Amino acid sequence: MANFIQHVVAGLSNGGIYATLALALVLIHRATGTVNFAQGEMGMFLTYVAWSLIYSAGITYWLAFTITLVIACLDGAAVHQVVIRPFERRPELTIVMVTIALLLILNGAAGWIWSPQEKFFESPFPLDVITVGGVVMNAQDLGVIGVSLACVLVVFLFFRFTRAGLMMRASAVGPATSKLLGIRVALMLSAGWGLAAMLSAVSGMMAAPVLVLTPNFMLIVLTYSFAAAVLGGIDSPWGAVAGAYLIGVGISLLSAYVHSVGPELQLPVALAVLVLVLLVRPAGLFGRVVARRV
Amino acid sequence: MPLLELNGVEASYGPLTALHGVSLAVEEGQAVSILGANGAGKTTALRAVSGTVRRGGEILFDGKRIDHSSPESIARLGIAHVPEGRGIYAELSVQENVLLGGVVRRDRKAVKRDIERALDYFPRIRERLKQQAGTLSGGEQQMLALARALVSGPRLLLLDEPSLGLAPTAVTEFFRVVRTLNQEEGMTVLVVEQNAKIALASTHFTYVLEVGRVALHGPSEELREHEGVRASYLGY
Amino acid sequence: MTGRAVRGGTLLAALALAAFLPAGISHFHSFQFAFVGIYFIAIVGLNVVTGYSGQISLGHGAFMAIGAYTTAILSHDHGVSVYWTIPIAGIVAGLIGFAFGFPALRLSGVYLALATFGLAIAIVLIAKNYAFTGGGGGKSLTLPSSPISGLSTNVWLYYLVWGTALLMLLLAWLLLRGSLGRSFRMVRDAPIAAVSYGVSLARYKTIAFGIAAAYAGVAGALLAISIAYVNPDTFPISLSILLLTGAVLGGLGSLTGMVFGALFIEFVPLYAEKINNQAPTVIYGFILLAVLFAMPYGAAGLLHQLGGRVRQLRPKATKDPRSE
């Protein structure tokens, strides 16, 4: 039983990393109606920025973390204004291609600037273990779970209870009407991209100590987050987060108890889940169809 | 000086010209209607005012040119456009829809007051605040759209075919509120309608558009007796 | 009439150039041009799914991997002649593509992009972890020697690849000009009309995806034969993205434009790497962005425009099937 709980905690920790990125994907999908393939690479690039702040500028971890989030917000908004908006009226698949181009640019640029060699990225959490009633838990895992939950909570409170959050949601679901109400829609969508970039930066900074920092390290996280978003419903923020924790825990338990699923085969299993969900329940587990009466 | 003035306004959708030099004026406190057949350019005229179509010519609001302003800026000047099809956020709650009407206003007290006032006009909307807006009936959605517009504290209301797709009783109820707003609060209203009867009965002045031009204009009372209008729009 | 003559002439000139190219260049360059042919076959297939049926596949490299491994396993473990493995690789990849596309294609285009992206990442991990693929170490093949005496292996590979490429191009042309092609274009440009004509969207999208996968399988088989070795890292996700970039650049919806795309895939990195070994990726990204922005019809479209034949331009290739 104690073992089981340990695996669940480890799974929730990974799930938290996927959840923040999956939430970013859902935000962009709702705001721009497209899947942002560069979302993981934005997180990767920002993690390198944090790395530079910590290891080149010598700033303490949490200050670097905060500065990175500010940069992330501006960066996301800038990407929306400069790269995405010129394609606003183009078909969805063209915009998807644009995000793929962005993926290439960010991936190459990171290797160019910081070299493709593996880099050590510190964890803000101690290497201690905490024992509660015979269950041994990693402080690192608990820290990641805490940060991811805090992010998710802040995002939900922001959208639910603030005027800016309401305006961003309105701009996403009804841009034409929002303009008639005086809402600066383009600005709101940029803010959405900024917020998504912040989430992906958190995801990257939480994943880097676990996975080692290379220009490709977020591609796998992105794939899990895609699976999570599809599992939960690509338009449902709650669903995507729940899907991410489900995948994290599911994979952790699977590799712990099914021996043929080694650590390297976790991703193919997640992919199989994704394809299965598409087959059985295309809207995702928590996706819903909006009630509409005309 | 009229509150809203259009001088030789043209508008087009791509290669398609929808307005060929329309001029009209709406005095402060007046209710004005625009009548016309499908494709006469009624909706386009409203969209030219709110900046949601490419337009040329001169548009003045309160004496200031707005023909180069963005829709967002025009809305912030106090022009509330209730678009054709109502523009309800179906996915959001009724309450959120109402709140969005005043979301960009700085004076939060005034917003609170306006929300109360709007909900007083539409008790049925007040009862349904927690519901998803998409579940409202067509008539309720039209009321919600007007309530939301009122929350923006407008100086000018633009209503685009509010009667479209509504049951006759809902139309009557809607225009009763519009008349009250105009007569008791002095709200300036510019309404586009196909339902000429109710539009002529609810407004002071009327313009009739035909293929993008003003074909006829005059006090609504006079136009009610006008033979051409009777034949084409009133059907008797 | 004259247009047809000009096109025929151009085609003949291109064929002649292709046939005699190895005589004028070094054996190493012949090898490089063999690779151009491999990429050409792959993106002609990609073009069927993306250009003609309007779906994005980010997993084309994965189907190349399937083809390459089919060849490697058949020839290394079962002693099948490498030449026979080429069609088998195509069929195997095609069938897997068909099965994979079936669930993803019932939904909008972006789900296929998602699923294929996952596939491209997963295939590397699968290949590394199963014994039948040789794991991370990969599998070696025997480099075929030329059956024609006096021809070096590199030159023989060149002719093998381009001979296959020509055959595959002809096949694609035959497929696309007939009723199947008409259905594909309808699915892409007018899905609602297609449904009302009784064309099953999902069925045609899946067929297109299967065909594309088969082309990738053939390309993968030729790749394995040419380098006489396969390992998982030969097929990273970047290969899939690169193929897509090449197809977009060449001009989606145009078969001949794919030659430009293939040349681009083979030669741009060689020059870009001189700046920095990360430069090719960045350059691809910017070129893709520029192409999407400025010339949605790719190189083929540009040639049309330069020739003043804009009216022959095909409808927007990446049209969103749901926008109708």
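Going by the order they are written in, the chains are A, B and C; count residues from 1 in each one.
The rule we apply is simple: contacts are C-beta pairs under 8 Å (C-beta built on N, C-alpha and C of every residue); 3 or more make two chains touch, one makes a residue touch a chain.
Predicted model only: the values in this text are computed from it and were never measured.
Taken as a graph of touching chains, this assembly forms an open line, each chain in contact only with its neighbours along the path. Central chain (C-alpha centroid nearest the global protein C-alpha centroid): A. The greatest centre-to-centre distance from subunit B, using averaged C-alpha positions, is reached by C. Put simply, the C-alpha centre of subunit A and that of subunit C have 32 angstrom between them.
Per-chain CA centroids place subunit A at a distance of 43 Å from subunit B. If each chain is reduced to the centroid of its CA atoms, subunit B and subunit C end up 55 Å from each other.
By the touch rule above, subunit B contacts subunit A in their complex via residues 50, 52, 70-73, 75-76, 80-81, 83, 87-92, 96, 99-101, 103-104, 132, 134-138, 148, 152, 165. Those residues of subunit C that touch subunit A in the shared complex are 54-56, 58, 100, 102-104, 106-111, 113-115, 117-119, 121-122, 125-126, 128-129, 237-238, 241, 244-245, 248, 276-286, 288-289, 292-293, 296, 316, 318-320, 322-323. Subunit A contributes residues 163, 166-167, 169-170, 173-174, 176-185, 290-294 to its touches with subunit B in the complex. Per the touch definition, subunit A reaches subunit C in the complex via residues 34-35, 37, 83, 86-87, 90-94, 96-98, 100-109, 111-112, 116, 215, 219-220, 223, 226-227, 230, 262, 264-265, 267-268, 270-271, 274-276, 278-279, 282.
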